[in-house]
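Got a structure for you, questions after.
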Amino acid sequence: MLIGEVIGNVWATKKYEGLEGQKFLIIKTEDGKRMVAVDPVGAGIGEMVIIATGGAARTVYNMKDRPVDAAIIGIIDGMEE
Amino acid sequence: MLIGEVIGNVWATKKYEGLEGQKFLIIKTEDGKRMVAVDPVGAGIGEMVIIATGGAARTVYNMKDRPVDAAIIGIIDGMEE
Amino acid sequence: MLIGEVIGNVWATKKYEGLEGQKFLIIKTEDGKRMVAVDPVGAGIGEMVIIATGGAARTVYNMKDRPVDAAIIGIIDGMEE
Amino acid sequence: MLIGEVIGNVWATKKYEGLEGQKFLIIKTEDGKRMVAVDPVGAGIGEMVIIATGGAARTVYNMKDRPVDAAIIGIIDGMEE
Amino acid sequence: MLIGEVIGNVWATKKYEGLEGQKFLIIKTEDGKRMVAVDPVGAGIGEMVIIATGGAARTVYNMKDRPVDAAIIGIIDGMEE
């Protein structure tokens, strides 16, 4: 999984069927790239999150057989290194 | 998912079976790379889109068991950061 | 999918079972990297092609349950940007 | 698979359902990037490990249909080059 | 698939269940990165090989439902460019 920060929302009125109403968040990952993820845990802007990519995103509730490839799976409270 | 801009079309008369008639769009992603995606939402050149990659593309209508790995899943109206 | 140019063949007498006789082409992708793909459409050296990667390659005829991760799915006639 | 070093833990009180209680480790891979992985083998901080990514992570015990994309699959004792 | 050279072995006494006894080879890919792969074809150190990544690795004999994401699928005899 990747570590990233939720930096915004992306609005898309025209979406693929089954994704209507689905919120898409913009994530900035640790290597400075941006990606878009669905959010089944309710993360807010500015929060650090864990993101699962690939087929993992389709295991999320309501996303089975939906064309999504990234999902927030946890909101980070802290890291110990 | 990735954010990208539709920058053109790619023409391929000779395609793998089952992909005949399928339109392929050229997308420029935010890191400056080009990729090709199928488009089930009807995006046009110059539009910013959300692209799902990997197995997600095969969940799109008519793409089940087709060799595609990227699909446009939304047309971006705006981003709030 | 990726855009690339077929630049050669790779010969491998010793292959995993089920891949004997399978032709492998060397592709140079747009970012200058080389990859190897199976070719169900009959592309030739010097041709520009569309390549699908990941599980998509296993949807190709005769490749079900075979360890391949890239397949040529179209021969490019032209691009309009 | 990738080679990496376990460099820490990431704490996330709010996780996707089914991942509660799941420990997430921070791995630094050989190219200097950080990733997060589940750990079914019991690796400790400072240990070099082998990490499997993608759908492979969901084959791990208790991770079936869970949104995870990286798992530690071995603790490295040594490398011979 | 990727082209790489087998450069060594990685030893891991503690492995995920079902991978005990499985040999892991270290591969240096053409872009200079190292990866670890299972080897169902019997490649030796110094040999150039073709590597399939992702779910493809789990189609290999005995690797079904095992957490592996890379497998050597051919030993390269030559390349013609």
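We call the chains A, B, C, D and E, going by the order they appear; numbering starts again at 1 in every chain.
Here, a residue touches a chain if its C-beta (ideal position, glycine included) is under 8 Å from a C-beta of that chain, and two chains touch if they have at least 3 such contacts.
Keep in mind that this is a model prediction, so the values were computed, not measured.
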In contact with subunit B as well as subunit E, sorted by label, we have C
Rotation angle superposing subunit C onto its copy subunit E by C-alpha atoms, nearest 5 degrees
70
Separation of mean Cα positions, subunit C and subunit B [Å, integer]
19
Averaging over Cα atoms per chain, report the distance between subunit A and subunit E in Å.
31
Could you pull out the residues of subunit D that touch at least 2 other chains?
54-55, 57
Pairwise touch network: line, ring, star, complete, or other
ring
Beginning the circuit at subunit A and going via subunit B, which chains come one after another?
A, B, C, E, D
Given the complex with subunit B, which residues does subunit A contribute to the contact?
7-17, 19, 24, 26, 33-37, 54-55, 57-58, 65-70
Over in the complex, which subunit E residues touch subunit C? Could you list them?
1-3, 30-31, 40-42, 50, 52-57, 59-61, 71-81
